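These notes open a run of structures that come right after.
Next come two complexes built around subunit A: one with subunit B, the other with subunit C.
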Partner chain A sequence: MKLSILFSFIMSMTVLLSAQSPEERGLEIAKLAEAADEGFGSSKVELKMTLKNKNGQTSERFLTNQTLELIEDGDKSLIVFNSPKDVKGTATLTFTHKEGADDQWLYLPALSRVKRIASNNKSGPFVGSEFAYEDLSSQEVEKYTYKFLKEEGPLLYVEQFPVDPKSGYTRRIVVYNKDKGYRQESTEFYDRKNSLLKTLTLSDYTLYKNKFWRASTFVMVNHQSNKETTLEFSDYNFDTDLSDEDFTEAALIRAGS
Partner chain B sequence: MMNLHRKHIILFEKVVSIDRACRYVLVVCFCIISILHSRSQTSITDKKRIETELEMKVEAEYRYFFNESKFSNQYDHFPSLSAQPEFGATWDDGNQKLKAIAFFRLDRDENRTHADLRELYYLKSKNRWTASIGFKKLYWGVIESNHLVDIINQTDAVESFDGEKKLGQPMLQFTYITKKMGTIDAIYMPYHRKRAFNGEHGRLRFGTVLDKDDLSYESDAEEWHQNFALRWKHYVGIVDIGLSHFYGNGREPLFEVDQTGNINAFYPIINQSGLDLQITHSAFLWKLESIYRHAKAQDFFAAAAGVEYTFSNIDHNGLDIGLLVEYLYDERDELALTGLQNDLFFGSRIAFNDINDTSILIGGIADLDKSSKIFSLEASRRFGSNWTAEIEARLFSDIDDDEFILLNFAEDSFLRLAIARFF
Partner chain C sequence: MNALKKASHAGNKFAISWANFVIRYKWVVLLLTLALAVGLMSQAKMEFDGDYHVFFSETNPELEAFDALQEKYTKDDNVIIVLAPKNKNIFTRENLMAIEELTKEAWNTPYSSRVDAITNFQYTRAVGDDLYVDDLAYESENKTADEIREIKRVALSEPLLVDRIINRSGSVTAINVTMRLPGEDSATEIPEVTEATRSMISSFQEKYPNFDIYTTGVVPLNTAFFESSQKDLALIGIMMLLVIVVTLLLTKNIFATIATFFVVIFSIASAAGFIGITGIKLTPPSSVFPTMILTLAVADSIHILITMLQKVRREGLSKTGALVESMRLNFMPVFITSLTTVIGFLTMNFGDVPPFWHLGNITAFGMSMAFLYSTTTLPALMAIFPMWRSKKAKTKQTKKGLYSRLGEFVGRNPVPLTIISLAIIGLLTYLASRNEFNDEFVEYFDTSVKFRTDSDFINDTLTGFYNVEFSVGSGESGGINSPAYLNKLNEFESWLTNQPEVVHVNAFSEVARRVNRSMHGDDPTYYKIPETREEAAQYLLLYELSLPFGLDLNNQINVDKSETRLTATVKNLGSVEMVAFAERAEKWLKDNAPEPMHALGVSPTLMFSKLGFRQANSMVKGNIIALILISLVLIFALRSIKLGALSIIPNVAPVLVGFGIWYVYMGTINVGMVIVFGMTLGIIVDDTVHFMSKFLRARRELGYEARQAVIYAFETVGRALVTTTLVLLAGFIVLSTSAFALNSYMARITVIIILSALIIDFILLPALLILFYPEKKNGGMANA
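Let's look at the complex of A and B:
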């Protein structure tokens, strides 16, 4: 009897000492997901955004997004609007930083003007969609703290808490697929009052260059407003060989004009 | 009825004959467009693929000046139509581009009826170099209520009161992106374009109707006096800085009053150095623009400094409210064409960030020495995917009797409604 108590005590101590805490496991998964996507260099993709209101009426936007991967710091991106026609040519250049505020410039084609804009509006909607700016910015490991929740087959559930107090969320639950290069399958977003706000579902995955999983369809459903935004990516191009000078103010003007 | 019809024909003839050179260039340009457009359907390979786009904006506008006019023959109601066709062709992975934008307006004010080649240029970029040749529009500066540093393009003064509409400028432009020291622009401009003024029936004009051809040049070479500009633009962390220099025919005419009291207006040869600076810190944008302009007849300094702060996503539904304050100084005093010599601008930008991009901009400029004030409101939104509507109001209030320029516009407060369709 005594022996078995001692035995189970030793066993539980071993488990406690050797196993990771849920926080460590969560961080590890986020790092594995980042590592699995490392080395894509640069990419260019066409994007169709469909906004649907609660009555089912839709409106569409077409954008082009170019990304330059940086290892030491966050990625650089250049987004150009192709429609609606009255905002055609409007473009943004963003330098994501692992720590601190991002740098962001806006090109306004009607005036041919470039304006540096504040990037602290993370929680605001991107062009009237259900995606907030922070949902679309480069996902850097340093921007969250983590807690592993559970494992279901290949699916890993990780709770993530934004470091930035200006985030619109208290937490989000990201579902990773460890058999498919730790790609994200879905994410649940909880608002500042900790109630479920939105669910993002990623589907129609394609494997590029035998390493990089990219979803063709992102569906963001807002449970509180019943509005929905769908992103459809097409013509993914990983052979663009973009470099630093393609992500400058001069390149922003060229892309938008 | 007959009369009205004739009036329209006269207006139409005015559009057609307004600028022969402009028309000639347009014809050539649309020939190239049709060739490129047909080629784009046949080319297959990705590298050689030509992407073309052909679009047009058509706008119906109504301006109503609700005060009795200060000068005789000025109208109160101005229905107007404008069209802006646009063509673009991109190939060589976006490294080569041809762009054309033309603009036409038909208005009751004979001088506001005009055509312009806003853009027509060919661009080629390779690694860190970009070169372009043709009619282009460049914008420099950070301040919202006045544009001091911005000097490359002539203002299309009949088109807008705030000076934000520009005429296309013929140029040869070289841009070099350095590795760590920002971007350098070198611009050569062989030709100067004169500013247009509202006609006899138009509002927002002087007591004497100025025709753009009445204005002369200081230079004997006149509009062919050669112009050069150099600009360096860089950013370090939260600081964006631009330094520029311009030499050539000034874009603003200079008004000289001689001993007999006659006003002599001409375009001087100027050297202008400019600085624009912005510090972007959390939701604050701190801005500074400053110029020093030297001409034989006039040397002066002007500056504008201000701050913009945005309260974002106030209602958790995307509502942004920005507040702006700017101080404007101009050493020219009452001779400043903008009338902004010691003024304070305050404004608010409200953006709903909704599906229709609804936004409102309200502002006021108050003269700190005099009683003069100008208030403005601009609101716009989209309807469906191809229509937009705009409302604009400008109110001139308590314009001081000592104002040299603004006093002419004292009765020219107006409301403007515009509806545009994009094709």
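Let's look at the complex of A and C:
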């Protein structure tokens, strides 16, 4: 933690001392945002996902998400499905990596087995929602290149280009709020032909432990299909003290059963 | 009788004072009509709508069902790009690299939401509990010969690919680009996609000349509609030239030709203004309006001009005298024929196909304006132009003999001619009833259109372009994972696969089987529906997590997982077979599946297949109303109920004869031909009116017996009828060259009908007149 403060101090000194290119400024903001969120250790949250189609028909699913923060590599996460009933207990365990494909395991209670999915596909929709897996997975700085666009009051607009050639996006524009610990206010996603595809809006922020901003509502609107997905987070818990042992295949089976 | 004479007298007086007025204020009339035409023209706005949706009214139930299905899943407009390498083998490193490159490029197509190709097919492989999901051919440049052989093996045994994306021999493959058009302005969206696709393909072709490329799909279909609208609109050029030549030949007078030219230009300009004011967007059927107006308007002018020139040339009248006399003689007939034509075109509004409403309304407006201009601009111009007297005063008197002899011939044999005519009409009517509707939209375009030849190639070598879709429900949220549902869907899938018409079936049950196999280490015995709902649901969840952007199942599963979409691709079927196939499939579901699974087949193909029937049913009422109205107009015009009633025979018979001959010629009719009855009725009725009115005048004013009256009618209007028929034939023959079958078939059958009408009016009508007006005294005057 100390290191990151020092780091951001150096970064801000750099701003003062030398004229930055938009690319450098963009990268700097992404690093500041990452640094600001560093040190939460682990967390657990309940999640309600509401899918809505063009005609307003909705469908809901309930999940629990546990995250373990790692500094050297990407975070680990474990998601358990609580509903619909026929997928209750299905759980995914993901190790995000700063470079290369993530590792992913799935526990299927109907088979009582763990399956490993070896795939580079992170661009597909997450359980039929408007969120791609790549939108939800841990946001590592190394996964994008950056370009600072503009500053409006406390809001910083940064264009980000995915490194993964299999990404579904050409770019996204993330809006950070520098007065609120560089939390993300909204993101626009541009598809492979560079047309606006989706907009994600984060709201109902709460500051946990006086450092970590967490939004309780994520709304993703797909402008091309007019479908929409809302994520509602509740019962954020930063005192779970999870460790590596809680993110293993055995833990995955335990979580699901 | 006295009252009627008075009325006719009043009519004459009106026509005379109208003519005198126009001649006196010729410059004012000319400038006013010019201002009117220019004013309307300034409102003109030619916009095209190529979206195939324009053929369906908003209340069309098939369209509603199809749109509902697209709302539930995804809206799929597509471009299918088919690649045929010259070496007839898709599975070489170079060819796979090329396909991979084009697939990647295809993602840049405007509005694209999904690209399916052989290379990006998500191939799932299981090794123990490890699942590998990846593109079937990714970075093909690094593939070894063995790996390419493996790719080929997988591709040619994959039910999702064979007969859809690749043919069985592996020589032809497709890239299916799905787009989500916003549907706000088809006039810009469709050309945007087409342009992008065409430039993508042409630069690909430059780089890889060893590929032949074909395109089909909904967007190319719309583009073909678009381009045929523009082409048919351009037919006006030839038509204009033809009109000038025909008018010059018939009138032998340059000024008459110029005057006619102004009348038709003014009429078309006014119709164009009408389009702008009403905001109509042109479609292939409505884009023929200028040719229609030109053809019909020129007939009005020619009647007035020929009479005028005859009066000058033969009877030696002064220019103004001849003009007034011509107006007196023609005002009423031109008014009545314009009225019946307008009624005929307006009946198109009874149909269920919006482009024909537009055609009917535009032409009706244009014809009303043509009447106005023929009775104002035309005489005003003729009054302004000098009249050059021909050197030869009386020349062609011998010509008269032909029509008199025809009249005498009919007069001698009314009974046998009636019997023979009625027998032929009866036979052809029977044949007419055997025509079948066929609205295969691919075949709307003749083989000069690339869309048609490309679609035919794709249909012959790879897959079908026609399909039927079903949204099969389970009755409960998440119910698509229940084994009962999946097994029944599986049964339906295999039933469909076994139907002779079916080329390919894409059903969710196939996904369930495939994932089940993957979950059991690729064991082929598990290529079946999972045992429990939990298994199916959890496998599906896993499978969905493994899919990349744009290749998800949203196009196949609805939001709350209660329904799935099944697509059966079929061969090029005629409308009757297509409807029968869909009904058979619907019946299978009804007989074999629980109620929530009952579904109606929907698709653009099916919508077009039913369009002809729908249009015909809705036009029945319109046609009856047209027949009644037009008969009433005739009764009023001829002032005889008997003749008005009798006129129904020569007015209806040509259409029956036309469709009878059509049965021998083609046997199938399309939606464009349904409107022909009302339309031609308004046109051919002119012949009847002219003939009957001359017959009546001979009896009433000259006191002739029926036989003599018939000969008189032949002598006075025979030539005029042939002349107008020739003008009409010329116009519709020009239209019949259209590459678009809705227009060309309509024009061809109109040619047959107009020709039949003339023959019937020259043979059956006079024979009937003689039979229905028996001679009171004995010893008929067969004035031979």
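Heads up, the rule we're going with is that the second predicted complex is superposed on the first by the 239 of 257 C-alpha atoms of A that agree within 3 Å, B and C clash if a C-alpha of one lies under 4 Å from a C-alpha of the other, contacts with A are read in each partner's own complex, and residues count from 1 in each chain.
Methods note: a residue touches a chain if its C-beta (ideal position, glycine included) is under 8 Å from a C-beta of that chain, and two chains touch if they have at least 3 such contacts.
Because the structure is a prediction, the values reported are computed rather than measured.
Peer 1: Overlaying on subunit A: subunit B and subunit C, fit or clash?
Peer 2: Here the two partners, once superposed via subunit A, clash with each other.
Peer 1: When the two structures are laid over each other on chain A, which of subunit B and subunit C touches more residues of subunit A?
Peer 2: Counted on subunit A, the partner with more touching residues turns out to be C.
Peer 1: May I ask you to decide whether A:Lys193 touches subunit B, subunit C, both, or neither, giving the answer as first, second, both or neither?
Peer 2: second
Peer 1: Does subunit B (first) or subunit C (second) touch A:Gly168, or do both, or does neither?
Peer 2: The answer is both, since A:Gly168 touches subunit B and subunit C.
Peer 1: With both complexes overlaid on chain A, does A:Phe81 touch subunit B (first), subunit C (second), both or neither?
Peer 2: Only subunit C is touched by A:Phe81; subunit B is not.
Peer 1: With both complexes overlaid on chain A, does A:Val127 touch subunit B (first), subunit C (second), both or neither?
Peer 2: both
Peer 1: If we overlay the two complexes on their shared chain A, which of subunit B and subunit C does A:Thr92 touch? Say first, second, both or neither.
Peer 2: Only subunit C is touched by A:Thr92; subunit B is not.
Peer 1: After lining up the shared chain so the two structures overlap, which partner does A:Asp103 touch, if you call subunit B first and subunit C second: first, second, both or neither?
Peer 2: So A:Asp103 only meets subunit B here.
Peer 1: Please work out whether A:Lys54 is in contact with subunit B alone, subunit C alone, both, or neither, and reply first, second, both or neither.
Peer 2: Second partner only.
Peer 1: When you line up both complexes on chain A, which piece of subunit B, out of 277-285, 295-303, 331-339 or 403-411, runs into subunit C?
Peer 2: 277-285
Peer 1: Do subunit B and subunit C land on any of the same subunit A residues, and which?
Peer 2: After superposing on chain A, subunit A residues 51, 53, 59, 84-87, 111, 113-118, 120-121, 123-125, 127-128, 168, 191 contact both subunit B and subunit C.
Peer 1: Enumerate the contact residues on subunit C facing subunit A in the complex.
Peer 2: 71-72, 74, 107-113, 122, 129-134, 180, 477-478, 481, 519, 532-539, 541-542, 544-554, 557-561
Peer 1: Name, in rising order, each residue of subunit A that touches subunit C in their complex.
Peer 2: Against subunit C, subunit A makes touches at 51-55, 57-59, 81, 84-87, 90, 92, 104, 106, 108-111, 113-128, 132-133, 166-168, 191-193, 195, 224-225, 227.
Peer 1: So in the complex, the part of subunit B that touches subunit A is made up of which residues?
Peer 2: Touching subunit A: residues 55, 57, 93-94, 97, 99, 123, 125, 127-128, 130, 137-139, 141-142, 164, 175, 177, 183, 233, 235, 240, 278, 280, 282-285, 310, 312-313, 316-318, 320, 353-357, 382, 385-386, 388, 420, 422 of subunit B.
Peer 1: Under the definition above, what is the set of subunit A residues touching subunit B in their complex?
Peer 2: So the residues of subunit A touching subunit B come out as 51, 53, 59-60, 83-88, 101, 103, 111-118, 120-121, 123-125, 127-128, 168, 191, 240, 245, 248-251, 254-255, 257.
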